[in-house]
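For clarity, chains are labelled A, B, C, D and E in written order, and residue numbers in each chain start from 1.
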C-alpha cells in the first residue's frame, strides 16, 4: 500500500501555477526528502497532502483513501510541522496538547500528553504558558503536537528552522526513531546534507514540477549537489 | 527594602485613629445642614476622597515623568501604586456621589462638568491598568503607562474646562469665592481631609512595599530558576 | 471516533479557558461598549427624553460595536500561530469548528449585555429591570443572529489584507434586519408591549437567527478551505 | 545629512503611495463612517428634527470611529514585517517618524470628512455648505488633536496583546475635550453662530491640539524604544 | 579603532536577564560569528548594537561613538538583517529601496538603488510589489536594504534562514566580498560549519554570558563542535 499517492496534481493561484502535474508515490515506511528552490511549490504540495488545500486538478490518495472524498478520515493519519507552531500562546504546554488530544479523539489523553511532553524534554515546563517559551522550546512543543496522535504519515516543512544544535539532534533522533517504527515521513529542507542523511528517497521540485526522484542509497553529498544543480541551476526561481 | 513598612505602619495607625473619630466628627460634632439634611453628611467622605484622587493622579504623573527621565524601576512602582490608590479614591467619589445625588437631585447621574471629569479620569486610569495587564513586556508596559499617566494628567484641566463650558450642575463650596461653611463643619471637614490623607499615604506606602517585595520575589525566583538550570546542566555533563 | 459535539465542546472550552486566563477580551469589550454609550451622551442632549427613547438603539449599537471587536480578537487568537490551520488539520468537521467559535462569541456577548444593561439604567435613566424577563427573548435572538453572521465574517476577514478592519464592513449591512428587529422589540417592551404585541419583530429576529445560523454553519466550510 | 523634515516627508510620501496603490484604507474608512451614520438612522427616528440636531454628534462619532480604524491600519502596515524597526534603524528622529505618520493620518481623516459631509447633507437634511468656510476651522482643529493623540496611542497599542483593540480604549477618554469642542462648535455654526460666538470652544480645540500635539511629539520617543 | 566595543552590557526584560555583563571588542574589518543556543541572548545583543534596544547597564561604543549619546550618528554606520524583512509589502522592490535611501540621506539615490538591485539579482523584478515575492526573493531584497547605505558594520541575525542553496551561496559570496573590502561583520548562526567558514573570529553566548571567544584560524569544524558542546552542553536552554 502506498502511504501517499499523488497523480497529476496541479495547483493554481490565480494566474500563478504553483504545481504542474505532480505524480508521486511514497510507499509506507519510506522517508522522502523534497528539495527545491524558494517558491518551487514545496509547501503548497505539503498543504495539499495534509488536506489543507485542494488541488486544482489531479487526485490525492492517502493510504488508499481519496482525500477529496473523506478528508476527515485522512486527517487522523497525518501529522504536520509547518512554518508556524500552530500553538495557542495563552495556554500552557499541557493545555495545548490536551486540546489537540481531544480534537483527535485520543482515548488515554493524559498519558499520551505526558509521554509526548517527556519525549521532547518539556515535562518540567508543562505548566508554563507557551507565550514565555523560547523559539526552540516552541518548536519542540510543535513537534510534540504533530506526533501526539501517533500519525502514520508525518509531513515536515523545514522543521529545523531556527533550532539550535541540541534541538536539531533531538529532532533528527526522533525522525530516525519514527523511521525505525515504520512511519512514513515526507521532509522538506534546503539543507542537502541533512536531507540525505535522514531519508532513503528524495525528490527535487522545480517550478511546480517534480524533475527528479530516486533513492538516496549510494549517493554521496557531492553527487546530490551535482544532481540538484543540474536540475535547478544556480539561480533561484523568480 | 524594609523601609517602606515603617511609614505604612505609622500612617496606618494614624488613619485608623482618624477613621474611628471621623464618624463622630461628621455625624455628631458638625451641625445639620438645613436644606439637604442628613444626606449632606456624605460630604465629609465625598470631598476628601475627591482630593485624594487628585493627589493620586498627580503623583502618578510626577513619578511617570521621573521614570521616563531616569528609567529607574522604583519610579515606575511609585507611579503604578499612586495610580492604583488614586483610582481607588476615584471609585469612592463615583460611589458616594450618586448616593448623594439620588436624594438631592432625584437621579443617580447628571451630565455635569464635575461628574463627567471624574468619570473620564476613572476611564483613563482604568485604561492605564489595562495597559499594565495587557502588555507582553513589562519594561515596555512601564513606558507606555508613564506616557498615558502624563497624558491623562495633562488632559485633566482640558476635560474640566470642556465640561464646564458644556453644562454645570455640581455645587462649589470649597473652591468658591469664599469658603462658606460654618466653623463646626469646617473643622469636621478638615479633620476628615487629614484622616483621608493619612489613609491615602498608608495605602500608598503599603502598596509600594508589597510591590517592591513582589518584584524582589520575582527576581529571586528567576535567579533560582537560572541556578537550577545550571546545576541540571552540570549533572548531565 | 470523536463526535461533532465533542469537537464543538473542546473548542468552546479552550476559548473559555483562554479568556478566563487573560480576561482581556470581555473587559475590553465592556469598556468599549461603555465608551460608546458615553460618546452618545456627548453627541446628544444628555438626560433628555430623546436619549431615553434612543436607549434601545444605543444598547444595540454599543453591543454591536463591542461585539465586533470581540469577534475580531477571537479570530486574531486563531490567526496568531496559524492555529486555525491546526484546527483544520484535526478530523473536526468545519461545522463543529464554527459552532465552537460561535458559542464562545455568544457567551461573551451575553455577558457583555448583562454588564451594560445596568449602565443603561444608571446613565440613561431607563427602567429595564421590571421588564427584564420579556426583554431576554429579543436580546437572545439578536445575539444569536449576530454571533452566527459575525463568526462567519470574522473568519473571512482575517484572511484578507484589511484583516479585522473588514469585519464591520461585511457584517453591518447584512445585520440590518436583525438589528432592526432587536431595537424595535426592545423599544416596544420598554413602552409596555407584551411579547405578542411585538410578535412580528420577534418573528423577524427568529427568522434571521435561524436562517443565518443554518446558512453560516453550512458555508463555514468554504471559508476555511483555501 | 538629511534633516528632520526630509524624514517626515519621506514617511508621509511612502504612506500616500501605499494608500494610492491599494486605496484600501480610505475606502474602508469611508464605508465604515457611512455605515455608522446609517446605523444611527435605525437607532433613532430618521428624518426627525432630533436627527438634525444630532448631526454634529453623528458626524464626529462617525469620523472618530472610522479614524480609529484607519489609525489601526496605518500602524498595522508598519508592524507587518517589523517595518517600524526598519524606520528606527535609520538615522531619523523619533519626532520625524511621529510627524510623518501623523500627517498621513490627518490627510486621510480630512479626506474622509470631505467625503462624509455630503452624506450628512443627504441623509440628515442639514445645510452645511452655506457655512462651510467657517466650519473648516473647528474641523481642522479637531482632526489635528485626534491625529496627534491617535498616532501616539496607535503606536502603543500595536505593541500590546490586544493590538488594535486597545486603541479606542486608550484614545476615546482622552479625546473627550477635543470631541466636545468639535461637536459644540459644529452645532453652534449650524445654528448660525459666528466664529467669535463659539470662541471658547475654538480656544479649547486649539489648546487641545497644541498641547497634545507637542506632548505626543515629545513622548513618541518613549513609545518607540523598547 | 574598534568597530564595536561593548563593556559590561547587561539587559533585563522584567525579571529575565537576557545579557549578563557582556564585554566584547570587535576591531574594524573583523568577521565575527556568534554562536549560542536558543534564547541565549544573541538577537538581544544585536539589537543593542543596532541601537534598537538600550542596555540596562554597561556601555556600547560604535566606532568610538557612545551609542547612548548620539544614536542617530551611529545608525548611519550600521546595517542589520533581522528575522524579519523590514520591507513594505505594498511597495515595489525599487520603491522600498528608494524610501530607505531617502531615510539614510543618500546623495545619488537612484544609482545606489540600481546597483543594490543588480547585486542581489532583482534588477528585472524591480517594478513588482514585494507582496508577490517568494521568501527567498524577499530575503534578497532585505539584504539589499541592509547594505544600501554601504554601512561599515553589518549585523546579520540568522540571515540564511529559509534561503535556498542559490541564495545561500549568493549571500556567502557577498559576505566574502564585504570582508575583502574591510567591512566589519557580526554574524549569528546555528550552523557551526558555515559560521566557521565565513568568519575569522567567533564567540559563544550562553545564558547571556560570553563564555568563549577566539580566532577561527587553525580550528577545524570538529574542534569547534567540541568547544561548543563543552560550553553549552547538549541541552537547550530552558
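In this section, a contact is a pair of C-beta atoms (placed from the backbone, for glycine too) under 8 Å apart; a residue touches a chain by one contact, two chains touch by 3 or more.
Just so it is clear, the model here is predicted, and its values are computed rather than measured.
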Shortest chain-hopping distance from chain A out to chain B: 2
Minimal step count in the chain contact network, chain A to chain C: 1
Max Cα-centre separation from chain D goes to chain A
Would you mind checking which chain's C-alpha centre is most distant from the centre of chain B? A
Whole-Å distance, chain B centre to chain C centre, using C-alpha means? 35
As a quick test, compute the distance in whole Å between the mean CA positions of chain A and chain E. 30
Chain centre separation (chain D, chain E; CA means) in Å: 38
Chain B to chain D: how many Å between their CA centres? 32
Could you check chain D for residues that touch two or more other chains and list them? 22, 161-162, 166, 169, 172-173, 176, 180, 225-226
Residues touching two or more other chains, restricted to chain E: which are they? 233-235, 237-238
So chain B residues touching two or more other chains come to 123, 127, 130, 134, 136-137, 139
Between which chains does touch occur? A-C, A-E, B-C, B-D, B-E, C-D, D-E
In the complex, chain E residues that touch chain A: 36-39, 121, 124-125, 134-137, 140, 158, 161-169, 190, 192, 228-229, 232-238
For the complex, which residues does chain C have touching chain D? 22, 24, 28, 31-32, 35, 39-40, 42-45, 50, 54, 56-58, 60-61, 64-65, 69, 72-73, 76, 161-166, 168-169, 172-173, 176, 179-180, 183
Where on chain E does chain D make contact in their complex? 50-54, 72-73, 75-76, 78, 80, 82-91, 95, 99-100, 102-105, 129, 145
For the complex, give me every residue of chain C touching chain B. 22, 24, 27-28, 31, 34-35, 38, 41, 46-47, 122-123, 125
Can you list the residues on chain C that touch chain A in the complex? 1-2, 6-7, 10-11, 14, 17-18, 21-22, 77, 80-83, 85-93, 225-226
